[in-house]
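Next come two complexes built around subunit A: one with subunit B, the other with subunit C.
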Partner chain A sequence: MQNLSNEWMKLIRKRSTIAFFIISAFFPILVGPSVNILQNRIGFTLFDGESFSLIILSLAVIIYLPLLLAQAVSDLFPGELEKNVLAFILVRPISRLKIFNSKILCIALYLMTLLLIIYISSNLTGAIWLQNFTFKGMLMGGFAYLLSWFPLMAITLFLVFFVQWFGSSSRALTFSIILYFMMVVLPFIFPKVGLWLPTYDITWYQRWINNGLSMVVMGRAVYLLSWCSLFFTLGYYQFKKKEY
Partner chain B sequence: MTNVLDIQHVTKQYKNGRGIQDLSFSIEKGEVVGLLGPNGAGKTTLMKCIVSLTQPDQGEILINGNHIQSQFETAMQSVGTLISGVEAIDYLTAYENLLLSSHFYPDLEKARLDEVLSWVGMEKHKNEKIKSFSTGMRQRFYLAVALLSNPSFVILDEPTNGLDIEGKLTFQELIKRLAKEQEVTFLISTHLIEEVERLCDKIVILSNGKSIGQMTKKELDEGKTFESYYMDCILKEKEVNPHAEPK
Partner chain C sequence: MNFKVLSAVGISGLLMAGGVMTATVSASSSGYDLFKTSVTNMQHLDSFTANVQASLSDNGNEIYQISSVSQMDLKGDQSRSSVSINNGSASKKLELYSNDHQDIFKSNVDEKYYVEQDSGEEHAEVEGEEKEQISPQMQKDIEGIFDSLTKNYQDSIDTKKLANGNTELQLSLSKNEIPAVGQASISFLLKNMDQQGQDLESDDFGGALKLDELIPELPQLTSNIMVSKIDLFGEVNTDQYLVGQKADIYVTGKDVNGTSHELVLHLTNKLDNIDSTNVSGIDLSGEKVVNVKD
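After this line comes the complex of A and B, so read on.
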């Protein structure tokens, strides 16, 4: 774990990371009053305080968070390769497996932090600006945010494997965005293909909330776990065989 | 006595034909060894193989008896490196970069960070970001990183590149002092023959990826220098392989 603090330090010292933390905090704060004003004008309640954090989560998991993860993955893998920074760590007495693990854990921690920021910010906004904010809604939201971490990590590991084919972070980021949008769009054209992709489970917290712990949900959890194991192994293989 | 470095029949061929072929030599404790050769001779490739940044196609590399591939962490615990082209994190300060590197050596005291920075004359710049450093300042900083872990074996790839005269002299004094007082072993790749004459106990000459000569200071004929030995080897190689050009 000696490299996890290093990876975290590298990530949070970037201006872009701080900017994303701030944007994540302000996004629900800006949306909340806008929704409130709109609802007052039309005289119809679209969202209340109880469901507001879930509305924000559904927006975040589909577009915003995957893009931030693609950026983090592109920076930590091809970005460091491009700047010859990776070799600076590789010549220290630490195995490549430990370095790879620490990078993945760092991204996992980054995602958790982003989810936490959005969760706190959306709950505060819901409590201040919207009607019917409840403790039950807050707990349910917390559960949903926690659950969302898993499919997003599956997408992250998938991207980690692919971005290592690239020698530049900007190309890797562009490819990641295209790949992600293909994964989102493809199920609309070929519905059966969608079942095989982790994007199918990106809003799986809705299934958990609606149906509880069902066989379908358990099956998807096992599938996501297998997906994570497969792409962690393939990603590590790519990382290990690379020469500098 | 175990050699600090054992290179046994190491071959590494890149797709463009460059690389090293069947290299073998060893370095004993406290020796300062110069790796010489024209551009493209394979010096950096060999150094990258030693620290496992690239994997040899054949052969074995042992550091203090530890196989570099199967016992990487143990082998690298006692090694300091300055490899040409490898960069620190430029948006962090010199001190933060050293701190980052220090996490891999659990027994290292914080005072060591300031000590190595003062050795290379960079203590005043420790809170400046790497991206604001000139080439010479970067080189001094990388030398500090190489010496950070109190290594018993230091690999330096063209360490005086970009250094001013004062920087070169400071570097040479530092190498001499560490080799003499602490028996630190050095493998230095350089183009500067006067540096080799001043510092090295032994030289290994590479040309087109092959070793074309190895000589210790003790074994040199009277009146001969490393420079004359180097020129003899290069001329002999040109006679044997008149059409051999750096790939």
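After this line comes the complex of A and C, so read on.
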């Protein structure tokens, strides 16, 4: 893939990215023992080894990961515009579609890596600190982590479309965060509108665990994929027509 | 905008609509909508008779049992219920009657009727306020919040037609499907059930209720307390009233000695004589009456 390694290096060498990787790895490891101590004191088992990775995932997909994605998106689009880096890439003999592709793919890989790091460290924590760690729970967790990639990617592409209107990464980041929280709150106020937002599906792995493959889940999957293709197209259109 | 972009947008838009529609239609064909309608309908009930049964068993032995028949007249603000409680070692039968100006209580321990007078006006005022509070707008808001909170469970409700024309709704949740909040609150309740019982000895009816005698003798769970399974059933009749409810809650845990226990809480509630229940009053003439003050 042309330009992908270029984009990936730019992202991965950032100090903030490295810091986020480390935080993602340490968060479950630090939470595990404290949860264990607390549980022994009060006697309930809210988190056992089997479900610990799912609990961590539910925290990550709602608050933590969308923020990191918003940060990555605003760095890769308006951030590069701001620093005049984008012009250098655009003069290379690669089509704009390929450049756009490589950026999106780069964010997709970044998200995958984050999910993988959280998955591994939460499973390690579950195995070491908590009771009832099972292979079944590990498989189920892995499946849930994979599934969570889809709604998060849908949100990312949505943000990619919007942030290209901004000329500075900090403004784009602020806007993305506000936009995301609006999308989270809106379904509570207007349930009908909520159905049309990808945030509705942000914990959809729970649905898969509860029901397996059902018509509802299939419908939501079609919705998420078409949302991705819609905002990929719109985002690309923005990227192409823009003059740098 | 060129043709390619437009067509891509159009096709994705259509697919998106198709996806949402499929999901919504299949979700509403599950029992969730029926459940919601039936619960909303319950607000308009005037009177009913409720048969409530609750039992708690520990590793298969029943340790606590409550059964009650209550006649409720919400419009006339009257109710009468007879309750029997059995905690394994002691059992008690209670008779309660209440209307807008007095509460009457009798237990099978003695022949006395305990009567507590209410200042009726104050009572009526509170009722009025309550009714005013649930406006259609507020109901819609509550529904919206409820919908969002239960979105992952809505299509898990199975429906079944029963022989009598009613519809049975069923929701089964295994350990990993129960949200952490539910886990926490149920475990907390069970762990503190014995302490909760102590609160009941409040001086209602001059202490004559003596509910503290009837605290369930629960095994003292101290560690690994966990809700392992919840089964919920509902029965909706042809007028779309929720006439039956059943819940089985399974909790496992270990006591101080490390013995593991499985507690099963089993609740059923059946409503009948909807809007045709007449609450029969208690005739106090010739009976021993004890007047109790607040």
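By our rule, the second predicted complex is superposed on the first by the 244 of 244 C-alpha atoms of A that agree within 3 Å, B and C clash if a C-alpha of one lies under 4 Å from a C-alpha of the other, contacts with A are read in each partner's own complex, and residues count from 1 in each chain.
As a working rule, a contact is a pair of C-beta atoms (placed from the backbone, for glycine too) under 8 Å apart; a residue touches a chain by one contact, two chains touch by 3 or more.
Quantities reported herein were computed from a predicted structural model and do not represent experimental measurements.
Student: Would you sort A:T134 into first (subunit B), second (subunit C), both or neither based on which partner it touches?
Tutor: Once the two structures are laid over each other on A, A:T134 reaches no partner at all.
Student: Mind working out whether A:T113 is in touch with subunit B, subunit C, both or neither, as first, second, both or neither?
Tutor: Once the two structures are laid over each other on A, A:T113 reaches no partner at all.
Student: Which holds for A:Y244: it touches subunit B only (first), subunit C only (second), both, or neither?
Tutor: Only subunit B; A:Y244 stays clear of subunit C.
Student: A:L90 in the overlay: touching subunit B, subunit C, both, or neither? Say first, second, both or neither.
Tutor: first
Student: Comparing subunit B against subunit C, which has contacts with more of the residues in subunit A?
Tutor: With both complexes superposed on chain A, more residues of subunit A are touched by C.
Student: So in the superposed three-chain picture, is A:N101 touching just subunit B, just subunit C, both, or none of them (first/second/both/neither)?
Tutor: neither
Student: Considering only the touch criterion stated at the top, classify A:T174 as touching first (subunit B), second (subunit C), both, or neither.
Tutor: After superposing on A, A:T174 lies clear of both subunit B and subunit C.
Student: For A:I189, is the partner it touches subunit B (first), subunit C (second), both, or none of the two (neither)?
Tutor: Second partner only, subunit C.
Student: A:R13 in the overlay: touching subunit B, subunit C, both, or neither? Say first, second, both or neither.
Tutor: So A:R13 only meets subunit B here.
Student: Flag every residue of subunit A that touches subunit B in the complex, lowest number first.
Tutor: Contact set of subunit A toward subunit B: 2-3, 5-6, 9-10, 13-14, 83-85, 87-88, 90-95, 243-244.
Student: Mind pulling up the subunit B residues that touch subunit A in the complex?
Tutor: Residue positions touching the partner: 48, 51-55, 72-77, 79, 81, 83, 85-92, 96, 100-101, 103-106.
Student: Under the definition above, what is the set of subunit A residues touching subunit C in their complex?
Tutor: 40, 42-48, 50-51, 54-55, 131, 137, 140, 187-191, 194-196, 200, 203-204, 206-207, 209-211, 214-227, 229-230, 233-234, 236-237
Student: Spell out the residues on subunit C that touch subunit A in their complex, using ranges where they run on.
Tutor: By the definition above, subunit C touches subunit A via 1, 5, 8-9, 11-16, 18-24, 26-27, 141, 143-145, 147-148, 151-153, 155-156, 173, 175-177, 180, 183-184, 187-188, 191, 221-226, 253.
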